[in-house]
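Both complexes shown next keep subunit A, but they swap its partner, so subunit B is in the first and subunit C is in the second.
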Partner chain A sequence: MSNQFDVTHPPFDLLTKDEQDQLLTRLDIGYFSNDELIIEAGQSSNHVFVVMKGAVAEIDPRLEDNSDGGVIREYAQEDLFGAISIINGTSRYTFRTLEETIAWLIPKAVFEVLMESNPAFAAYFQNSLSEKARIIESRRSQQQGGSDMSAFMLAKVGKSVLREPVVLESGTSILEATRTMREQLSDCLLVRKGSQYGMVTRTDLLEGVVLNDHELNTDIAELASYNLLTVQKEDFLFNALVLMTRHKIQRVVVFDGVELAGLVELTDVLSFFSSQSHVIGLQIERAANIEELARAAKGTTALVSGLVSQGVKIRFAMDLLAALNSRIIAKAFEYIVPAEYHDKVCLLVMGSEGRGEQVLKTDQDNALILADDLDWPDCQKVMDKFTLTLLDFGYPLCKGNIMVSNPEWVKTETGWKEQLGKWSRKVDGTGLMNLAIYVDGAPVAGNQALFQRVRDNLYTQLGSDKVFYSYFAMPIRNFSTPLNFFGGLKRSNAIDIKKGGIFPIVHGVRTMALQNKIIETNTYKRLEKLAELKIIKNDFADNLAEALSVMSNLRLNQQLNAAEGQADDEDANLISAVDLNKLDRDLLREALHLVKEFKAVMTHRYHLER
Partner chain B sequence: MVLKTIRTATDRWSQKDSEFSSMFEPYTGDEVIALDCEMTSLDTQKAELVSIAAVKIKGNQVLTSDKLDIKLQKPENLTGESIKVHRIRGVDLLGGEVLGDALQQLLEFIDNRPIMGYNIAYDITVLNRFIRPRFGFSLPNKTIELSQCYMAQLQRATPDIEPDLKFETIAKKLDVPMVGQRHTALGDAITTALMYVRLLKDAVPT
Partner chain C sequence: MSQFVINMIFVGASFAVYTWIAIWARAKSTREFYIAGGEVHPVMNGMATAADWLSAASFISVAGLISVGYVNSAFIMGWTGGYVLLATLLAPYLRRFGTYTVPDFVGKRYDSKTARVIAVVCLIMISLTYVIGQMTGAGVAFARFLEVDVTTGLLISAVVVFAYAVLGGMKGVTYTQAAQYVVLILAFLVPAVYLSLMLTGVFLPQLGFISSHAESGMPMLVKLNEVVRDLGFQDYTADVSNKWNMFLFTITLMVGTAGLPHVIIRFFTVPNIKDARRSAGWALVFIALFYTTAPVVASMGRLNLLEQIYPNGTDQASMVYDERPEWFRTWEETGLIEFEDKNNDGQIQFYNDGTLKTPNQDFAPIAEARGWEGNELSVNNDILVLALPEIGNMPGWVIGLIAAGGIAASLSTASGLLLAISSAVSHDLLKNTLMPDLSDKQEMLYARLAMVGAITIATYLGLNPPGFAAQTVALAFGMAASSIFPALMMGIFIRRINSKGAIAGMVAGAGSTIFYIFLYLGWFFIPETNTFPNSPEYYLFGTISPLSFGVIGAIINFTVAILVSNATEKPSEEIQEMVRRVRYP
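Up next, the complex of A and B:
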């Protein structure tokens, strides 16, 4: 039936079947005109409202003169309001329609009986965002249970865990073969004997020498087994697993047509099954040249989208991606920069990369610190090559040209100390922005001591200059945080989640972290430290972290759509209420509400009202 | 109209001591009954009742918690088992036939409130065909025709207009969601009620 009251949504799914039935028989329907007052601030409410159609704004009457009209939250189809007014006895805010609205009415008495009889239902209305998100997440993953299998089932051999085989010619000695395997970090190798391939494992070598008395110069072709099990590159990985399980073997050989393509190992298949991350990690460590590293780098997008769709918390996905990315960048750096300079330079990744908060590959934001006594004429040329290499790996160029290919971002230790001092004294827009990017910097390659000395010097220079922090915090107020787009039914009523939601939290936390000399760059870790130092309350820090996760998650989904061509790149930060389901809308509403509260706290603390 | 007045006057006299006498009192409250029946035929002389639904309207609220939803079957199909399904309580069936009990419930529910519906005259005519032989009177209630309210609203703004009065068209024009399934008595009654509430409060968008 259409337009039935839906008891399958939170919080009504927390009710028992009897309670749901009881609720359904007691519902009325109310019609409200455009701009009609539904609950007045200070008054009590006779109903809990669930919007069937239309839009309602929750307004703080004291702020009604503000540019946003004091709107605190908005409610659209399937959203619930008025519960808190009933719990508290009176309503703190005014509820007014934004358009003609039809709403289900749950009588106060019925609601109170349900609150009384069902503790989980009652708790839903009293929980903070982080608790609410937890309830919803756990319900969601229950509902989705088992969906992670499909990605695995559909993976092709050639696109997942294919290993480069180590191929030796027949005639190679056991000694040499053992040495090669050690060098290549390989457990097994293929022997070419004419047009035929044979396989030799470490066990074969060991048994050949120890049990079968072969000399170390024996031809490995004598030890190899030739009845190999093979799959085609286009086969499903699942088939390879079945084959290995059936024949109790650890490896199958993969062919592309008649050409040898590689090997698939059981351990790789199993770890692909448990988590693709392990494989990428291995690929990175095993990469013997830039090309292999590039292949690993390109796998990270699929990894993140896979993890998140499997229900991995975005914060952990971010951590993992940050770890993989910094390994990739560090490894690329080590290949490109000659070894004799490694100890004389320090590569920083900055911005979201430095904070470890990028969910997909973001623009390259990096800088280089050179030792004061370094003489390296080719520096510029090498850095240009480094930037192009990362581009090739899939890290887009920084539009603001904040990259090591720009000499502005390559300086000696002394040069950086002076530059940071200059930026912090001048307090102009660009300087402060650069400073903000820099203080998120994390060293990923080279000599970390260089970075630490520059950072400590900055802390000393800034001291407790209140005026500086006030200027530094200012951009928090640059973008408005609209709470009034939920009623919008058009895609054009979208919010820029990055500017309106994520940035204010990240920058506010960054400001407080800088002032308190917190060396962490990750926003979640900064929040934990700030709470530890009692600079902000524990609960508030938790809720801000959750708000950031909620918004990052929405942004990631949007970015993944963009990556798959379902949305414009330009729109990757635009979230519109139309595309969100009820759960996401509830969470986003709460998250934006917290952002607004946080902005108010920061405005007060850093005297931004001017 | 005149006929109804005379008939009602006679009925009032004959019912003055019956349990239904209050139905003939003038109504002073602020409630309206939205009514819809599903029937087997469009011919008022042949139509059999399949289901009857009524829901109270009070101010801007449709009181879906205070409703009547009766499903009837042809008498020959009626068994003790199916009675349970029809939400007609056992006590109502004591000493009576099913349709009679259903109509008794309906009369008690409506009392002297105005009755509103889409094409309401048709429903009333059929209902009266079953009410009069059993209770000795016809519905005396004031009736409100939804499509007339709608047309009057439109013509207030544009006198010459000849609006499309189809149920779906009106619902769409008023931007009222269909609640429940179309062509179930209860669904139509609730949707009609919403349209009525909507018409009373706000102008029809042009």
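Up next, the complex of A and C:
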């Protein structure tokens, strides 16, 4: 136990040095005997208390006759209480010691002055989990000195490499357009047609004239493509990169609300990137053979752990890794599978990779859809080779053998439709698990139409069979939430954060997404879509997303700490509550409360209690 | 060790076992994310379904009812038949609709909010009246085993049922329910074996039933007939006077059982059809094992009771009140046995003095000659099973076992019913119809409130029954038979039925049934308000008793629904296609 008040712990680390000094000079210490009343319900408090040693219970006086004596929460070392009663004027609950307790006392007046002078400090006490986490997150990245990488990661599109676009009205001729581009030294231009924008590149102009026999006075609006990929000016630059990597395009159009704001070019982003230490995206795109690709693939783990240790938000790191991985896998696939089959097959990545939520290399979970009329005797041999290549790239084999080397996961379009139907009708453990893995699948190579037809067919087959969704959702109740009776974190050194927290959210969200035919596979995006469709409330969706981030972060830190990700997968899910610092413990506890609430909601919605 | 302690140990231990199994089943699955709902052995599933099926009424009351006369075996035929009807006719199709509950089904199949609301109302009325029966059953069990009066017992059972339903946890775990079945069947079989050995020397009760009475050498049933006849009761195996009514009553029970919402839920939510069929077969075996034991317990229990009261034969002096055995005293405390010494001779005369049904008129002069001034003992039917081990002087652990069995039976059925009510109110009535903007949290709150409300009403009605419990139960079966069962049947089998037809049918069926019951049993069961006396000469066609009207209500429902549907537009193509798909996959 330290005798010095620790100002490095949240929320006190939000205070300035002066404010911290001011706090330290006015600090008192109080001693309370066992079962002593500290704050009575309905009364105001004269102090904010930070427990130094001992334990204090927060009691709801209306529930005092319950078997638990109305205890809502327990406070132990480093925990803070009493702030809410000062903010609200009176305390809703009674605070009483459970044992001999010594506490730091922050006088009411001092606390109020600090709240007044420091908005971030005030916000800490007034905000919900998602905002709290955001404050801490940004604080944390500042503390780490705002390294180059995180600065890049957090850079907004509007403030980095935005280019002024060349905009021409529709009706402009090819000749004039070419002239303008030359004058402006630009590779591409935008055509305004009514309220719509289309894009014309140099290649478009060239092909238009040479290959398609357009006259030089042809309206460039006819050459433009209107199916633009866009980002918002407030988006992270990073998202633009992800978008380009995923769609294999060179530039995206930036909007500010509905107004055109500019263009972002891949070369600009990559040059921005190349000043950094990792240039994997570029390596992948430029890889001319399997060996070069393998080299690029092996760098991804280092990239991600680098990003995360520098304080980049885990969601972004996941997005980047997912985009990189799917490019690597797609490229490998294209090298290995003879070109004549590319249009007749579709490769899916599934499970956490399909969701874009793996943080380090996870097992290969993939499947193949073959066109019904495909005759490909060597399929098995080629798929074996593909699996081994990925293994060589550093993607471990799937323990459950859910890989394209297993003929069970290579089926024709019709075969898949039947298989999915069978799983959904039988409703047993294996079938539900396979379905859950499959519905997280995302097509990364080959003919996407195959995938879409199978998916649409699955939606039709499931229809409005609520009972199916009930069974599908059931596994979220398989594991209890690691909170104790009083709503505190279980004092255990092996809290299984995957079973207790991550899985229920991921699976519950997956169930709702499947039922509502949401084609996104990423849990965060599914949550956004669910909120958009008003299936769940906006703030609940935000908080769930934040809870998931908090838990994924904890897990990742653990994985990274344990011998650079060499730890066994299972062990990485076990978090020791005792070893966490106060901040992480608080966040984890709040995250788990959300998980608990989410499980109750799901239980009710899907009739999981029968 | 006192009997009280033994009872507590058994009840406590059985609950500990259920909880332990629930935790064990959960722990077993913690290695895997997806446990195998369908991979439980069909025998286990069958046991679980049987435990769901066997209510407190089955466990506590049926043997008591049958003991009065074999006529009441209609209950057994009706209930077993109802199960067969459900399992063969409805179950294969219900799952294919993909709905959770009866109102959900009605709302989806008929595509009508009005139809859904009517189904909710019917469901609530049926389930509420049925809950009363369960809670009363549990109340009697608690009263005896905690040695308190029946009112306190009922209040205790209300609290326990609430805790059980709210904590949930134990429900829905197949293994726990299988364990409940094991406790239940042991609690029922063990005393039956004892009795059978005691009275006939045959181990298997079902065989003892048709064997000879050990003391007299006469066949057991002949001996029983002789004893009851000697006391002015009708022969135990006497034929039924009104066969038509008995037939209708049996069919009403059968169709009514097949329309009980909390039972149907099981079939809506089986994981898949193939597994469901196999476990339904096993469930029937386990249910039959129970129901074939009931008549044995009934007849032997009655013979045993009479032999205790007339230890030296019916023509000799009966038991002296002051020398009454311990069990007599303890049951007197609950108020379920009452003795009134009408002729002040200090002895207990238990016979039919003409105030009970179907008296044996020849006996009246004999009773008078023996100086008897009327029946002095009233025995509540519900205690036959519960008091059986004590009357038969069986060891203490058998009594504890019965306590555990009775409480398990009522709790599992009651919590199923309460879940059905709370989801009908919160989900079908509020969220889907009246207040579509409810948040999840509010919906859950209303579900809890509905549960509390249902328990409060059931407790109140249990304490202040508006009529006899049996009459309210008749209402439950009548309503289920005349509203829900036809709506389900037509929903599956007749594509042409539209929402108008279904609504008209349900209103006409349920309406006519309630009307007929009130006509004879008093309006809203308020005593003395009945329009006609409740006796055969006033019945429709001189045969149909209010308890048997459910099947007539069902026929009215079918007829009205078909007529109205044919006179109005066809259901949408979509719905017709849905019905077609359900029947021909």
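Convention: the second predicted complex is superposed on the first by the 349 of 610 C-alpha atoms of A that agree within 3 Å, B and C clash if a C-alpha of one lies under 4 Å from a C-alpha of the other, contacts with A are read in each partner's own complex, and residues count from 1 in each chain.
The working rule: a residue touches a chain if its C-beta (ideal position, glycine included) is under 8 Å from a C-beta of that chain, and two chains touch if they have at least 3 such contacts.
Small disclaimer: the values here were computed from a predicted structure and weren't measured.
J.: After superposition on the shared chain, which partner residues are touched by A:Ser195: those of subunit B (first), subunit C (second), both, or neither?
T.: neither
J.: Touch test for A:Lys53: subunit B only (first), subunit C only (second), both, or neither?
T.: first
J.: Should A:Asn289 be classified as contacting the first partner (subunit B), the second (subunit C), both, or neither?
T.: neither
J.: Which holds for A:Ile102: it touches subunit B only (first), subunit C only (second), both, or neither?
T.: first
J.: Which one hits more subunit A residues, subunit B or subunit C?
T.: C
J.: Applying the document's definition of touch, where does A:Thr8 land relative to subunit B and subunit C: first, second, both, or neither?
T.: neither
J.: Quick check on the superposed pair: does A:Asp428 touch subunit B, subunit C, both, or neither? Answer first, second, both or neither.
T.: second
J.: Just subunit B (first), just subunit C (second), both, or neither: which does A:Leu27 touch?
T.: In the superposition, A:Leu27 contacts subunit B only.
J.: Which partner does A:Val601 reach: the first (subunit B), the second (subunit C), both, or neither?
T.: In the superposed model, A:Val601 contacts subunit C only, not subunit B.
J.: Could you tell me which stretches of subunit A are touched by subunit B in one complex and by subunit C in the other?
T.: In the superposed arrangement, which is not itself an observed complex, subunit A uses no residue for both subunit B and subunit C.
J.: So in the complex, the part of subunit C that touches subunit A is made up of which residues?
T.: Touching subunit A from subunit C are residues 26, 29-30, 32-39, 95, 98-100, 104, 108, 168, 171-172, 265, 268-269, 271-272, 419, 423, 439-441, 443-444, 447.
J.: Quick one: which bits of subunit B touch subunit A in the complex? Just the residue numbers, please.
T.: Listed in rising order, the residues are 60-66, 175-181, 187, 190, 193-194, 197-198, 201-202.
J.: Inside the complex, what are the residues of subunit A that reach subunit C?
T.: On the subunit A side, the touching residues are 425-430, 432-433, 436, 463-468, 470-471, 474-475, 478-480, 499, 503, 507, 536-537, 600-601, 604-605, 607-610.
J.: Please give the residue numbers of subunit A that touch subunit B in the complex, ascending.
T.: 1-4, 25-34, 52-53, 100, 102, 105, 107
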